[in-house]
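Provided herewith is a single structure, encoded as structure tokens, for subsequent inquiry.
Going by the order they are written in, the chains are A, B, C, D and E; count residues from 1 in each one.
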Amino acid sequence: MLELTNTALRYGKHLALHGVGISIAPAETVVVLGANGAGKSSLLKVLGGLVCPEPGAGLTFEGKAILGRPAHDFPELGIALVPEGRGIFGDLTVAENLQLGAHPPHARPHEKRQRDLVLDLFPRLAERQGQIARTMSGGEQQMVAIGRALMSCPKLLMLDEPSLGLAPIVTSELFTALGRISATGIAMLVVEQNVKASLAIAQRGYLMEAGRITGAGTADSLRADPAVQRAFLGAVA
Amino acid sequence: MIFLIPLLALAALAAVPFFVGAYPLGLGIGILGYGVLATAWALFSGPTRYISLATVAFFGIGAYTVAVLADLMPYPLVLLCAALIGLVVALLVGLATLRLAGIYFVIFTFGLAELARQLVTYYEVNVTRTLGRYVFLPIGPEHIYWQLLGLLAVTLALAFWISRAKIGLALRVIGDDPVVASHLGIGITRTKLALFSLSAVVMTLAGAIQAPRWTYIEPSIVFNPTVSFLTVIMALLGGPNRLFGPLLGAVPLFLLFEWLSANFPNHYSIILGLLFIAIVFLLPNGVLAAWDKLTARFKNNEARA
Amino acid sequence: MLFSAILTGLVLGGTYALIAMGLTLQYGVARIMNLAYGDLIIAGSFGAMLLFTAAGLNPLIALFIIVPLGFALSWLVYALMLQPLARRSPNRDRLEGDSILATFGLLFVIQGVALVLFGANYQSYSFLAVPIDVLGTTIAANRLLAFALAVLFGVGLWLLLTRTRFGTVIRAVAANPGSAPLVGINVDHVARLAFALGGGLAAAGGVVVSMYLTFSATMGVIFTMKALIVVIMGGVGNLLGALAAGLILGVVETLVSSFIDPGLTLAATYLIFLAVLVVRPQGLFGKAAR
Amino acid sequence: MSLLTLSNVTKRFGGLTAVNDLSFTLTAGETVGLLGPNGSGKTTALNMISGYLPVTSGSIALDGTTISTLGPERIAHRGVARTFQLVRALPSLTVGENVLAALAFRKDPLWGSKAEAKIENLLADVGLAGRQQEQASNLTYIDLKRMELARALATEPKLLLLDEWLAGLNPTELRAGIDLITRLRQSGITILLVEHVMDAVRALCTRCIVMNTGSRLADGPTADVLADKSVIRAYLGDDHA
Amino acid sequence: MTTLSRRTLLQAMGTGALATALASLPTFAQDRTAIRIGYAVSKTGANAGGAGISTIPNYLLWVDDVNKAGGLELSKLGVTLKLEVTEYDDRSSAEETVRAIERLATQDNVDFILPSWGTGSNLAAGPTFDRFGFPQLAGTAVTDMAPQLVQRWKNSFWFLGGGHDYANALVDLLVKQRDAGAINNKVAIASVADGFGIDLSKAATPAFQAAGFELVYDKTYPLGTSDFAPIINEVSGLGVDTFVAFSYPPDTFALTQQAVVANFSPKIFYLGVGTAFPIYPNVAGPNHNGVMGVGGIDPDSEAIAAYFERHTALVGQAPDSWASAVTYASLEILGQAITRVGDLDKSAVAAEIASGEFDTILGKVKLVDNQLRALWTVGQWQDGKFVGLAHTEGKAAREPVVPKPAWVPAS
């Protein structure tokens, strides 16, 4: 469904990505693992159309080349991104954040259906619809961000470190919800430091180190891969 | 040797009144006046990127000081008083604006200049019962020219010194990243206040020196907000982060105003406005940066040839 | 006496709020500090006067012609002049500097055109200058109408911003322009519309003030500064802040004028403004910078 | 003897408690790792120590004197230096000027030729020898990190706070970085290190403090702490333990 | 592309500088084909409103009138030359005014310079006119300093009197009305906090007190005030028969409207600058009738009537009924002085202006001590004209209508 090839990304002189390529099949959940600064967020930014990689890169979605299209076209294509730091509209209410999620034209007719789905997924949001998003806890804000992304009826949902800064109990709730989203047939790309939880909901994964893809495989093979542990806890974990 | 060039340039400029008529001298005064203001403005606003519209507050305070004190004490003492008053006001203003940033700072400083004008007006109307004051000082245009030239030279020398001194480095660090600045042990408040005050004192003197030229001083003349706006525009146009940047904005713009108002008195506003817009598009980084780019390209071409 | 002063002040403050609303929209959403804003107000006033004197058109009806014109003109200004600047700016500071310079130029252009068309003379016409008794205080009908229109526009804008999808989109862009593309919002497009909407409001403000204020081609900057002060005092981009600040300034001016000394009204305006910023650097309703 | 003492430090942002009742002590000469998942409050703790953020309650003392009431520049003058999680270069300055800025405003300032010599030494120490004149904005990521470290060292701190200084480095760079910090350790400086790169933590830190959701989860010798089940759970998730 | 434009811009600037340099080359009197008149007036900025009504149209009209008549005869040179104008915009700035005069004097080598609008700019320009020996015919400056200024600047001429002239005339007029029992003893004054307002209020306050009036309200308001409800509301409760505002144009209009709305209709309603503007009847509607103000004209003068017609024909609107006619008369004086001297000798012309008697639209005029002392000081709108009620030397053109008609509420 999504195919990224030969992608390099440069910030000034700093090369954040070198020759990165990944692919995602429909309804598949893929996890990208890696330490801080490995280039995971940069990868998601490329996939979300927020930054433009160096020439030579290729990005297709459902067979269409989409590289170079403005970021605000991506939700309409069916690609939704929950960025690092969530990127919610803090001054707006939860309901308004969700309403904005349905802004892409293809999503508007399904606004009610999607809202029900989101509120079913995150019952806590149903109680808090009138609350200003900024005043919520980190976990709730993450729910708003994911809910907003779901409102656009995405075919592919991309999440950048969804468990960032969340207490373990909240994290586990969150991953349960992600598992349910995956079960509805939406493809997901999750960038995570939380190896265990993310591999639990993924079918496949990539390992990134220093801007490169250094490993790939099924969730099971990655779980067993000492390289993954090394990347996080060092040699003897 | 290298110090000789500015001295020679200064001497040459100082000789100008002996060779030109009243109008070029008037032009010279105007250019120097705005040159001083823009350079002084950039002392503080260049590195910190705070856009201040308080210029005319200090300018007007300087002019008013002269108007009030001219008959009471010798002229040099009057200038000294003006500088001191400017300094005190600048310290107060500086303290009041410390927490402000961006547009809030811009409009605050504008409000301040207007408040100064209102308070002076109120004082004059209710206490002295005269609004206009007369400055009859035996100071001819050439004297004003020389004084402004001296002030400009001093301001430029100060700017040069500051760019090399610790305080200049501190200001650049603050402008780049105030958080880093404070973690390196730089006293942000102190530094900003010092530079703001210095810049304000120069502006005050610029107003004081030019006061005798108009004879008649009233708030609407010396607290005219246009002065603040023009100063900002000139400094931004020239490039506020270089020694001669503000000056190189002030000179062409001043001449441009003069040329336009002389040749297109009825369409002056329209042409000026269009030119401004054009400048923003064509010279995005100021005259000096554009000049650098041009010469860099030239050098590249030479190197290639 | 006190009641009457407060009532008069509220009516005056309504005008301030009215002329500030468009600017807060332009600055809050499109991030353009529009120094030509007041000149658009004056253009609206000229338009209303022209329609009134030449065609005998009621200014209230003129609103339906002039507001769309102000909207269209601002739309064009944004598309042709400001959008390229916004696209080219790497950061907010830069756009602020560029937009100050560019709209300063625009100020001169609009003022120059008005000077060529209408000359520098003071203009005025009389519309609805009849007294109306409001709870014992006599107020001019045109001022009362202006207040009513200010309330109408304020409420209308507030409803638009809070009750419609488009309004939510505008607030989203104002709150977090970086995230707007994530939900498919074209920030350029919204900024342009918001800027145009602000322009329409400025033109409306011009029509309204022309009913009772004497104006001239060179007075635009006075309106710009007044509007900026109201906007900044209220907190940039905050509609309620602009309303509150406008009303506060109106009441303070009237109270000072009635009970202290009319000579200090403007001084009081600036003092209040400066005092608010010293205590709350982000304005009455603004968010803290961090 | 203890150099830094945090006593019951709490930081709240509105309703969010970022650091909750945190207490620990650093002994002079120690290199201590401050670990924990993202968002657990490590950087906030660092920010309070360096004076960037005021504490909501509790106190921080350096050498026995309270510093939590001081601004960052006074704390810097008392001997605390830091690097930032996202490198904060001074982009309009040259590399040399970046370091000079630290030398010129420290407690016993250096300026002029003395400073020049010192800058050369410092840059050589971090592997940027001879690059004074380069514009900071043109440096690569690793070089920016090096420069930032040189800048921090230039203040001759007693306590150095490194916030994910090794993040984003490739294996070779990482090796060089670890070596660099090892050398610093040997010079006797006290280092508090926020880090995710566990190889580095193992190699550098004698002791580790682990935070989770704003509170201290563990404190002890590195090997013990990294074997602690609750720590592994905090990092890797439940069933890894 | 950008390089090209940048160069073009720089070239354009260069060309401008060159052109100014070339223009400075002297031309010789023998070659002259015209009398060069220069002026810098406020076409933009705060003074543009005033200059646009009282100054610029009269300059245009005078040049047009003289040129239509074939020009000015210079008997000593044996030619009759038309007027040629060099005009600048002083942008309402004293600095610009001064420099523009320097430019006209030394660069453009004009023969005569006309001053700009307003008291402040005329005072600011004084030393410069003086330095180059140009006669300065200040048609729109009101200052009590005129006698001293004349000592200082020998070639300056002041045509619009000082604050005392207007204030005393107003007080005299009011005394008569009071003594006739037409008005009570209470007076309210509001003045704009600007040169004009303060000068007049400074003169008026003691004059009213000396005349035994009770000043129940005497305050100033800042320039730029737009809302006069508080002032009018307060004054309307004080039981005054006389309301005096030494105001500027926008305030003059706003005060009228506010007074009408508040139904504050004192027997004497006197306003400052702007009352005599042709736009005033449009602003006030039927209520302009009976409003008094500073200035006035002689409604029976054919010369004035003809002047009004020519003015209206040329610039599309009537002149104002205070400074306009005076300004035009000052220009007539200049023209006649030039013709009498017979050449363009500035000091001779100045001497002639100072000593000669001239035939102007104001009638026969002779300056006293370089000042026009024959002034209309108080005017009142009567039958669509702003007629003079008091004159410093002559008789009133009309008797005042007191009380003025009550306000008619607008429909």
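Note that a contact is a pair of C-beta atoms (placed from the backbone, for glycine too) under 8 Å apart; a residue touches a chain by one contact, two chains touch by 3 or more.
Every value quoted in this text rests on a predicted model; they were computed, and no experiment measured them.
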Checklist entry - Looking at the contacts, which chains touch chain B and chain E alike? => result C
Item to check | Remotest chain, chain B as reference, centres from CA atoms | outcome: A
Item to check | Contact-richer chain pair (by C-beta pairs counted) among A-D and A-C | outcome: A-D
Checklist outcome for this item: Chain centres from averaged Cα atoms put chain A and chain E apart, in whole Å, by 74
Checklist entry - How many angstrom lie between the CA centroids of chain A and chain B, rounded to a whole number? => result 52
Next on the checklist: Taking the mean of the C-alpha atoms as each chain's centre, how many Å separate chain C from chain D?
Outcome noted: 49
Item to check | Centroid distance [mean C-alpha coordinates] between chain C and chain B, Å | outcome: 31
Checklist entry - What are the residues of chain B that contact at least two other chains? => result 118, 121-122, 125-126, 266, 268-269, 279
Checklist outcome for this item: By the touch definition above, chain A meets two or more other chains at residues none
Next on the checklist: Show the residues in chain E shared as contacts by 2 or more other chains, in ascending order.
Outcome noted: 43-46, 193, 220, 222
Checklist entry - What are all the touching pairs of chains? => result A-C, A-D, B-C, B-D, B-E, C-E
Next on the checklist: For a test of understanding, state which residues of chain A touch chain C in their complex under the given definition.
Outcome noted: 48-50, 70-76, 80-81, 83, 87-92, 96, 99-101, 103-104, 148-149, 151-152
Item to check | Complex interface listing, chain C residues touching chain E | outcome: 4-5, 8, 11-12, 111, 115, 119-126, 128-131, 137-141, 143, 212-218, 222, 250, 253-254, 257-258, 261-267
Checklist outcome for this item: Per the touch rule above, chain B residues touching chain E in the complex are 21-27, 29-30, 33, 118, 121-122, 124-126, 129-132, 134, 136, 141, 210, 213-216, 218, 220-221, 224, 226, 252, 255-256, 258-259, 261-263, 265-266, 268-269, 278-279, 282-283, 290, 294
Next on the checklist: Residue numbers of chain D touching chain A in their complex, please.
Outcome noted: 14-16, 37-40, 137-141, 164, 167-171, 196-202, 212-213, 226, 232-240
Checklist entry - If you look only at chain D, which of its residues touch chain B in the complex? => result 50-52, 71-73, 76-77, 81-82, 84, 88, 90-93, 97, 100-102, 104-107, 109, 111, 151, 155
